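The following blocks contain the structures, represented as structure tokens.
In what follows, subunit A forms one complex with subunit B and a second complex with subunit C.
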Partner chain A sequence: MSTPYDSMWEKLNLDLNAHAGLLQVLGKFYGDIYLSQSGRLRGMEYLDFVLSEVHGLRIKELQDAKAHGKKVIGTFCVFVPEEIVLAADAVQVGLCAGAEAGKDAAEKVLPRNTCALIKSFVGFKLSRLCPFIESCDLVVGETTCDGKKKAYEIFADYAPVHVMEIPQMKNACDRELWRAEVLRFKDTVEEATGNTITTAKLSEAIRLVNEKRRVLQRLNRLRAASPVPISGRDVLLVNQISFYDDPVRFTANIGKLCDEIEGRVRAGAGITPKETPRLMLSGCPMAVPNWKLPYIVESSGAVIVGEESCIGTRNIRDLVDESGKSMNEMIDALVDRYMRIDCACFTPNTERLEHIVEMAGDLKVSGVIHYGLSFCQPYAMEAYKVEKALKSADIPMLAIETDYGMEDVEQLKTRVEAFVEMIR
Partner chain B sequence: MSTPYDSMWEKLNLDLNAHAGLLQVLGKFYGDIYLSQSGRLRGMEYLDFVLSEVHGLRIKELQDAKAHGKKVIGTFCVFVPEEIVLAADAVQVGLCAGAEAGKDAAEKVLPRNTCALIKSFVGFKLSRLCPFIESCDLVVGETTCDGKKKAYEIFADYAPVHVMEIPQMKNACDRELWRAEVLRFKDTVEEATGNTITTAKLSEAIRLVNEKRRVLQRLNRLRAASPVPISGRDVLLVNQISFYDDPVRFTANIGKLCDEIEGRVRAGAGITPKETPRLMLSGCPMAVPNWKLPYIVESSGAVIVGEESCIGTRNIRDLVDESGKSMNEMIDALVDRYMRIDCACFTPNTERLEHIVEMAGDLKVSGVIHYGLSFCQPYAMEAYKVEKALKSADIPMLAIETDYGMEDVEQLKTRVEAFVEMIR
Partner chain C sequence: MQSSVNVAGIDIGSRSIELVVLNGGGLVHQAKAPTTFAPLAQCEKLMREVSAEKVVATGYGRKLFADSMSRMDVSTITEIQAYALGARSLFPDVRTVLDIGGQDTKVISLNPAGKVAKFEMNDRCAAGTGKFLELMATALQVPLESFGEFALQSDKRIQINSMCTVFAESEATSLMARGESPENIAMGLHLAIVQRTLAMLRRVGMEAPLMFAGGVAHNSCVRRVLEDQLEERLFIPKNPDMVGALGAALHGRRLMLQS
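So, the complex of A and B:
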């Protein structure tokens, strides 16, 4: 079937047949998981539209921006300061990948026991399936885990890569290292774009990204209501789209969605009955279109009210101080904000444990599902500590480890149903 | 069977029955793999003795040292500067563990898909099987891989742990971070021992550790001879013992061993016939008593002439500059030396590729066996790059991934034999 975007995809050197197959699967999957929901908010129509045009209109926008001299910078991690990219008049898009379409290609250059997210982005590149990756003038990696750190070395054979070093502790020398890395990133972005980052531009970018975070914080706060006004699947989608949509347009639309939700909360209306068990997800990020576990949970009689994850609260919890006037003050504000991220790459990472327990309390959850991507060591090992912390707070936890395959769906459903039954 | 060390082991709170079982297996294993070799060097008797007393006399020495007020500091990694420990009049012992005796206990607190080395040291502690760990006043971890980094957080529930942060790149900010970490370690060691590290003590310690490295360098150079004068198994044992033996005594004895080897080389004598295929091992460390792969290789018609590994050349390649006079100069010399380590924790780590190709040339090997511990992501991912680098140099490589279990011995033997046949 031909589409208005065929020639664009061809120019981007996608594997057109395989790509058409991917979109077809994605459409079917989305229909089953998203459009089948009843009582959805009207404001989700914007997200449905954006998702339906994920490889179409949004890529067209990127190409148009490029035609006007803008650069596109791809990222995989919440540590990459979008403020720097926007201040250089570039576009930032998240490249974390949540489908296993390129798995076979990825396994030719990566060990099979590599996490699904890494295999996915490498596979998308090698199989020419992702128009976002193909649109990028620069791809930014980081050292948050062994798998990604070493995979970027291989990925760099196929795309221009800049790797940011993320510290592993939070002492003074770590802040210094991170500050140097933020400045090195600024230099790289300025060079890639040919634009100088001015204090005015950076100040505006800080404000803009904060606005995006604020609207997502507002959305998350609204989920404390009972009954829950929005499904976990829908909020996950909002979070996923926040990584690649135009930030100003996105913020405006999520603002409207929140207005609608507020109305629903005032009316005491919800997406599920008041007595539905409230669960929180915690752990690894779920990148588009990885909706497997949320779908399983929400079709097992529970509702998800929070995501303690990079594609979730980890990305939006902290704002950048907006009071900085000089370049140095603003860089310091960025450095401090990003150093507060409670990623499992830090040792120890006790803040994360505190955040999880606090969040579970705020959202009044009856249980937590810890989500680990198979072979993700940092989160697998922290799961042990998370379970202990939750136990002290009398909150039950179920640890799930899975990948993007569909072979274990029934098995997971059985485990999740048993957990929901137990906490009901 | 009672031994003269029973009461010592009891005082150390070992699980005496399980420990006796471990020693029995170790003795049998050592007999089969080591004592069965023909044409061994007389100087290996010292190593045989040290190994036979690994949990006996050496532990007694540590207890005696402790009775005289000395502290024992345990380490897992070649990044921990032994010079600092010795300069504080403490004893450093390597705790890397190469047996799966405590595996079941370890898997209660760690994910099953954690590398065997990590499960081993955690398991040894939880099962009370290791008198070295029980003798330690301080255990030093580091952030070289996700698995160890996160496992130390759990290990710290059971032992006093200090974790050193290892940088992941080699830029100026990384050197600064590492310098801060070396100084923080110095403070910790001074506090733990109650001794102040003076310039005289540090200078002497630098010289002493360099001497140990020099004698091991000499040993490795002698293996370039054809026929090979010493088996790979024996050199691996020498390297393993270098981590826990008294450094002065060890250096003297390996010096004598080298004198004997020189005689053998002069006489044109070898441990195997001249035409025996020469192989090099590269990759993950092999901790005592992990002799599985070397034994398989050397009973498959090949001989090992080099170990590109932490328990091998990675630990001894570089010396510390001895010209420093002030504390600052000496710390700088230490910082610079340890920053040269070509660990897979760095990105990129091209030095390692260069070292491997150079070493393969120097030792005139016909092939390289890349050894990865299952679930060790950094070395598994670098194997891809190593293979490419060796291919450019026309050196065939076989990638092996295994753990400490014996289930795959026959399968590994088949693969190794086929590789040896191919390169013959």
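So, the complex of A and C:
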């Protein structure tokens, strides 16, 4: 089947057959998990469209931007300051790494007991399946875990990579390290783009990214209503798309979606009855198209009202202080904001435990599902502490460890359903 | 509810299907069949023998059953809930339920009121379950029913390190090549299951009294070694593999009373 994008994909050197297969699977998966929902908001049509054009129109936009001299910078982590990229007039895309498609290729160069996310981004590159990666002029890695850190060394054989060193503690010297890393990143981006980041540009970028965070915060406030006005799956999708859509257009469209939800909440309407058990997800990020667990949860008689995750609140909780005037003040504001991220790579990481308990209370959930990707040591270790913290707040937790494969779906269903029966 | 109303519970597991029919408070029928590769046909066969106003299905096949038996009034519950309900009715004080079935192991912790407080299940692999015992019994050419007794005839305890069924089999083979007696190897395999089960019990934070159910509770060696290591008496129902079906039927009775 030919599409209007075939020649573009060919120019990007994609494996066209395998890529067509991937799109077909993705389309079917999306239909089953998303389009089958009832009572969906009209505003989700924008997200449906963006997702249906994920490798099409969005990639064409990137190519057009590149034709006008813009650079495309790919990232994998919420630590990479998008403000710097935007201030240099470049486009930032969060690379997804949520599918199993390139697993075989990845396992040729990575140990098998590597987490699915790492296998995914390496696999996508080696199998030539991702037009985003192929559009990138620079890919930014980071040292959040040993697996990623070492995988970027291998990835760098295939694409230009800049790795940011993420501190592992939050002392003054760690902040100094992070500040130096943000400045080094700024230099790299300026060099890659040929553009100088001015105070005016940076100030505007800070405001722009804050706007995106604000609209997502508003979405999270609205969805907390009872009955729940929007499915957890849909909010996850919004968060996923926030990483690769044009930020201005995205913010405007999610604003409209929020207006619609506001009307629904005012009318007391919801997608599930008021008594439906409310659950929160916590843990590893769920990248496109990793919708497995949310789908299982919401097919088991519960509804998800929060994602304590990088593709969720970790990415949007904190804003950058907008009062900075000089370059130094703005860099300091960025450094402080990003140092507040409660990633499991930090030790100790008590903020995360506090955030989880607070969030579970605010959202009035009857339980938390902790999601860990197999072989993700930092989150697997923290699951124990999270459970203890939640227990002292009388909130039950179910720990799930899985990957992108489908062979454990039935076992997961039994666990999740039993958990829902337990908390009901 | 009239006492003449029959309520059925059916537990469709990976290896076997159990059926329990209750009328009022009393058990009127129970039956068991292997799951085979045609579980629905097996369910039909079991159901043909009985009439029930309400059926509750549990186990891996619960959805399949509910979707296909449209002529009946079918609800579903998970095997966690079913075992909790069944165990509690057989032994009202029970606080921990251990169920080792054909392809999974469950530990369920109940609060003093009998509600599920926490549970653990083994991961996607069937290591340490009934299937493991079945394959190892076959490898040692001992009938599954007498595998426990066979292992109890061992004269020393050797350690088998592999929990993976495939690796454990090759470990058993190399032990045989070294002249180790099959009884001792069988004991080693049983010990391996118990070690894995103990770890799971501890994770849940086991409290006594403890009930051991599921098909593997028939195995005298697993029972004996577990009791030794726990220094705790295990409560084992007369029909340990029927507990899930019983719990499902009890849930059905509750639903009938509510309606």
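Just so it is clear, the second predicted complex is superposed on the first by the 423 of 424 C-alpha atoms of A that agree within 3 Å, B and C clash if a C-alpha of one lies under 4 Å from a C-alpha of the other, contacts with A are read in each partner's own complex, and residues count from 1 in each chain.
One rule holds for everything that comes next: a contact is a pair of C-beta atoms (placed from the backbone, for glycine too) under 8 Å apart; a residue touches a chain by one contact, two chains touch by 3 or more.
Keep in mind the model is a prediction, meaning the values are calculated, not measured.
Novice: Is A:Lys364 contacted by the first partner subunit B, the second partner subunit C, both or neither?
Specialist: Neither partner.
Novice: By the touch definition at the top of the document, which applies to A:Glu153: first (subunit B), second (subunit C), both, or neither?
Specialist: The first partner, subunit B, only.
Novice: Between subunit B (first) and subunit C (second), which does A:Lys70 come into contact with in this model arrangement: first, second, both, or neither?
Specialist: neither
Novice: Let me test your reading of the model: by the given contact rule, A:Met422 touches which partner, first (subunit B), second (subunit C), both or neither?
Specialist: second
Novice: Given the touch rule stated above, what does A:Glu407 touch, subunit B (first), subunit C (second), both, or neither?
Specialist: Only subunit C is touched by A:Glu407; subunit B is not.
Novice: Is A:Phe375 contacted by the first partner subunit B, the second partner subunit C, both or neither?
Specialist: So A:Phe375 only meets subunit B here.
Novice: With the two complexes superposed on chain A, say which partner A:Gln168 touches: subunit B (first), subunit C (second), both, or neither.
Specialist: first
Novice: On subunit A, which partner's contacts cover more residues, subunit B's or subunit C's?
Specialist: Larger number of subunit A residues touched: B.
Novice: Enumerate the residues of subunit A that count as touching subunit B in its complex and touching subunit C in the other.
Specialist: On subunit A, the subunit B and subunit C contacts do not overlap at all.
Novice: Enumerate the contact residues on subunit A facing subunit C in the complex.
Specialist: Touch list, subunit A to subunit C: 396, 401, 407-408, 410-411, 414-415, 417-418, 421-422.
Novice: Touching residues of subunit C toward subunit A in the complex: what are they?
Specialist: The touching residues are 60, 77-81, 104, 115-119, 121, 123-124.
Novice: Would you pull the subunit B residues touching subunit A in the complex into a rising list?
Specialist: 109-111, 113-114, 143, 145-147, 149-154, 163, 165, 167-169, 171-174, 176-177, 180-181, 184, 344-345, 347-349, 374-375, 377-378, 380-385
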